[in-house]
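Take a look at these structures.
What follows is chain A paired twice: with chain B in the first complex and chain C in the second.
Right, the complex of A and B next:
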């Protein structure tokens, strides 16, 4: 019997003998200690780029041809023409009207990221200090290898990254290049000179009122471990999770909010990659994720990147509040090979307000 | 020490000891309560990563099965007729992922 079932049975027995009234309904003194991350007025998300790569088949081929999914990402000579990147702008409006701007991730290809930053004026926001902090969700190539595009506008930007970094990550961050099979796969000519806050899973890192980072130490393929998730508590609405890839799993994030964050029993929504049907593969078990998400009664779900269009379409059909995107992404010079007219993804250039 | 002070100190000591005991008891109750509350509350998304597909889908469902078979072959892990979650768990235990 699993721990959960065992405890369920124990709880039922306790109720049978009349003890559940005291054990199952905690008094305030005995209630679980929850983290107070404060509240903000609203959160606006701008999808700078969610097309980490443009051709799914090529990305998969690069992995399979070079030893499979357990291969170190730094040992794969990735097709450079397929590189895009993932990055998001968060604008958090405080209760007093102040707006904090936060960058999440820095993409993969420097060429692509330079274009994206210029298109959205992110380069100027970083230079002026309007954006002075970046949350690196995890050390995967499509979220981190474009670091030079950020650092060339401010090499002292404050970075929060999972503590599970490898020497190759460090080499790239502090100015260097990496090669795989004789091919240069990334480079950074602007050494990082700012503060790197190495996050661990033991605590919440509070950035602004209503905004905190939580690291989840989970296994991820291509020799990466751990992901930072941004929790935002919107006053009167509830918790929004903002993710790069959501490797810990959406249900885990929601459950963590419910169990560990003050006000976390009210889930408002999510934004980001959800890492479900990454290669547009479908498994009936994915229906359980739809059912699981429904149990939290989210109001707005903005998804893209590694979520899988097939899952987002099925989730929308099943009644989950998937926020539809626009055709703005078609004005970018390149598009993903799996983009569809169903617009169930918030794609490049889209915005959503929570 | 006067008799009155002796009793006052003893009382203080007793109160402090009782307070410590109560705090310890409260912590124990909180832990028990949390566990029972977890069990009674049917919230999805609790437990260990490899407990279920619900918990581990980002790894076990997100990638095609053949990728896990490729990793299992490389490690001499039997995979025919074995659930993907069990292959992934074995790979994790061996430090492959």
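Right, the complex of A and C next:
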């Protein structure tokens, strides 16, 4: 029995009141105009680093010992040896063959990010202006605290970040350091001098034809709020979402595309952390996501970071088109403690083309 | 209770003091960023307050140990008793007896010892907390319905201790059955592989668009609000229609209370979700935040709890606000007042600045990890402690 029918059967009075509430006026879904973000030819993703931390247990311990998931990230004296970072290179090929390069996020540990940038030549791309824009998905430590590694190559790089930033974020961005319980937890000696576009959830921010940022104003763990998502409309294929952590939820992103983006009816895929089983546990909600994702018929799903290997493995088993990674990550000096040979993650050094 | 201007003045003073105590307790035990113990993780804190809420009901309404004599010492005794009962239930019974020698998932330590997927201290404690929360929810639900419809029946006339023990075992027995049907299948799905030989696959998954038992939390809390309203604001109508002079309740009254809790709870949920659908579109399986069917169901429980809080504020501190010989008129006016105050609390909690500052949360809506239920249930428990253990003393009765 369908949920709606079942509930309707519970009472005629309720049905009447409910109908008045739902049928009395058109919903906002019909009232909103769809956004035309254009089209591009292809999107290539390079996983610069998705290992935000290396030891999952240590990361969890740091959180649990200091108050749990909703505590303030700036109040936790994180184990510095566990810090890695999250950063992605997007190469968008336009219909005329031009290629735009976009940096997403700037990691956590400066030492790790310096290594990663050097390995992939990102430092030189930033210095030369080949990369002149960074999308900061959100203000979490593993996506933002490595900001010095980017700014030291260009302190005027244009940054898109959620408007819901805190004073501590601002302090770090514009040159400073933060301490937790007497321990220095981050620092930036290169003050930011460029343009910070503070994104809000009311509009799309169009970067190039076929590429737009959409901010989702949602409360996130560790006292963070709001996340930027990059929507890419690949001609002939459909919408691809590129995310840092995807806290708003992959299916919410797809659903938003359907409602708000011209051509968004056709979902092609995704790349990024999907924030499903961050700590490799299970919950009926994860079954729900597998079931719900199938309904959108994605063609290519690249995931890593906070997705959870356990979810990716089960999603692949259930028939979702999870793109397998390679063993390239083993050539990095450090690996995640949860990495497995199933390679259901696109890991450090892997690429995927949409 | 006689009504005078002083009643309202004292009520207002007590209410303000209660807000201060509420703030202090929240900061001490639960506040996630500025708190001392930071127990709102969320499920651990949520289950703790729910268990304490049940302990107060157990002491005051099941065992009938209320302080209505104005003896402050008796009130303190009841408070200490309720805390002791809470400790015995949560840590001794669930964590160290049932969890370690019977049902693994009630004890974080026992779960960790299994070495199962993802079962370290955080997830294990959250999973155990969810299971305990579900059990005490079923117990609270059955206890409140029993009290509304059956009162002390069929043991009227026995000694209070005999009545208490009888009611406890009766409500616990029924509560465990409700737990097994509505919640246990969710808990057995928390593990990989799913414990399909211990519990069925969540049978409501298609209807609810989620395998989560938050679906049941929604209509049960909604039903609880309706029962509490009828008991506290309409003098127990219609359950009292079935009482005779010798009894404080009846089997028919109990069945009527059960029917109202179930049907009324579903109707409440239907209306609330229809309104949510209007504002946030239809939810879908696997969605997040406001798109998540789990959140929609949980939000029904959250709204019902805001109304319960409003109900207790209006009843305990402001003597139900409106008095009239016409019970229908009084009931309607009180309902409107309770809903209005409930919406005010809702607005406060989800406001951009004052609510988040008070409860130490990130502004926004739809985050299950920041459910309002922990704070509202703590507030309900606090007011019940005042009402049942201290009000008579402090108001000089």
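The rule is short, and it goes like this: the second predicted complex is superposed on the first by the 322 of 354 C-alpha atoms of A that agree within 3 Å, B and C clash if a C-alpha of one lies under 4 Å from a C-alpha of the other, contacts with A are read in each partner's own complex, and residues count from 1 in each chain.
Throughout what follows, a contact is a pair of C-beta atoms (placed from the backbone, for glycine too) under 8 Å apart; a residue touches a chain by one contact, two chains touch by 3 or more.
Just so it is clear, the structure is predicted and the values come from calculations on it, not from any experiment.
Once the two complexes are laid over each other on the shared chain, residue contacts for A:347 go to neither chain B nor chain C. Looking at the shared chain after the overlay, A:306 reaches chain B, while chain C stays out of its contact range. After overlaying the two complexes on the shared chain, residue contacts for A:251 are found with chain B and with chain C alike. After overlaying the two complexes on the shared chain, residue contacts for A:218 are found with chain B and with chain C alike. By the touch criterion defined above, A:285 lies against chain B and chain C together after alignment on the C-alpha atoms of chain A. Of the two partner chains, both chain B and chain C are touched by A:64. Note: residues 2-3, 6-8, 10-11, 14, 29, 60, 63-64, 67-70, 218-221, 247-252, 255, 259, 277, 279, 281, 283, 285, 288-289, 291-292, 295 of chain A belong to the chain B contact set and to the chain C contact set alike, using the contact criterion stated above. For chain A in complex with chain C, the touching residues are 1-3, 6-8, 10-11, 13-15, 17-19, 21-22, 27-29, 57, 60, 63-64, 66-72, 75, 217-221, 223-225, 247-252, 255, 259, 277, 279-285, 287-293, 295, 310, 314.
Chain C meets chain A in the complex at residues 32-33, 35, 38-42, 44, 117-123, 127, 186, 189-192, 202, 205-212, 263, 266-267, 269-271, 273-275, 277-278, 281, 284-289, 291-294, 361-364, 366-367, 369-370. Those residues of chain B that touch chain A in the complex are listed here as 26, 29-30, 32-40, 42-47, 49, 51, 53-59, 61-64, 66-68, 70-71, 74, 91-92, 96-97.
Residues 2-4, 6-8, 10-11, 14, 20, 23-24, 26, 29-33, 60, 63-64, 67-70, 218-221, 245-256, 258-259, 274-279, 281, 283, 285-286, 288-289, 291-292, 295-296, 306, 308 of chain A touch chain B in their complex.
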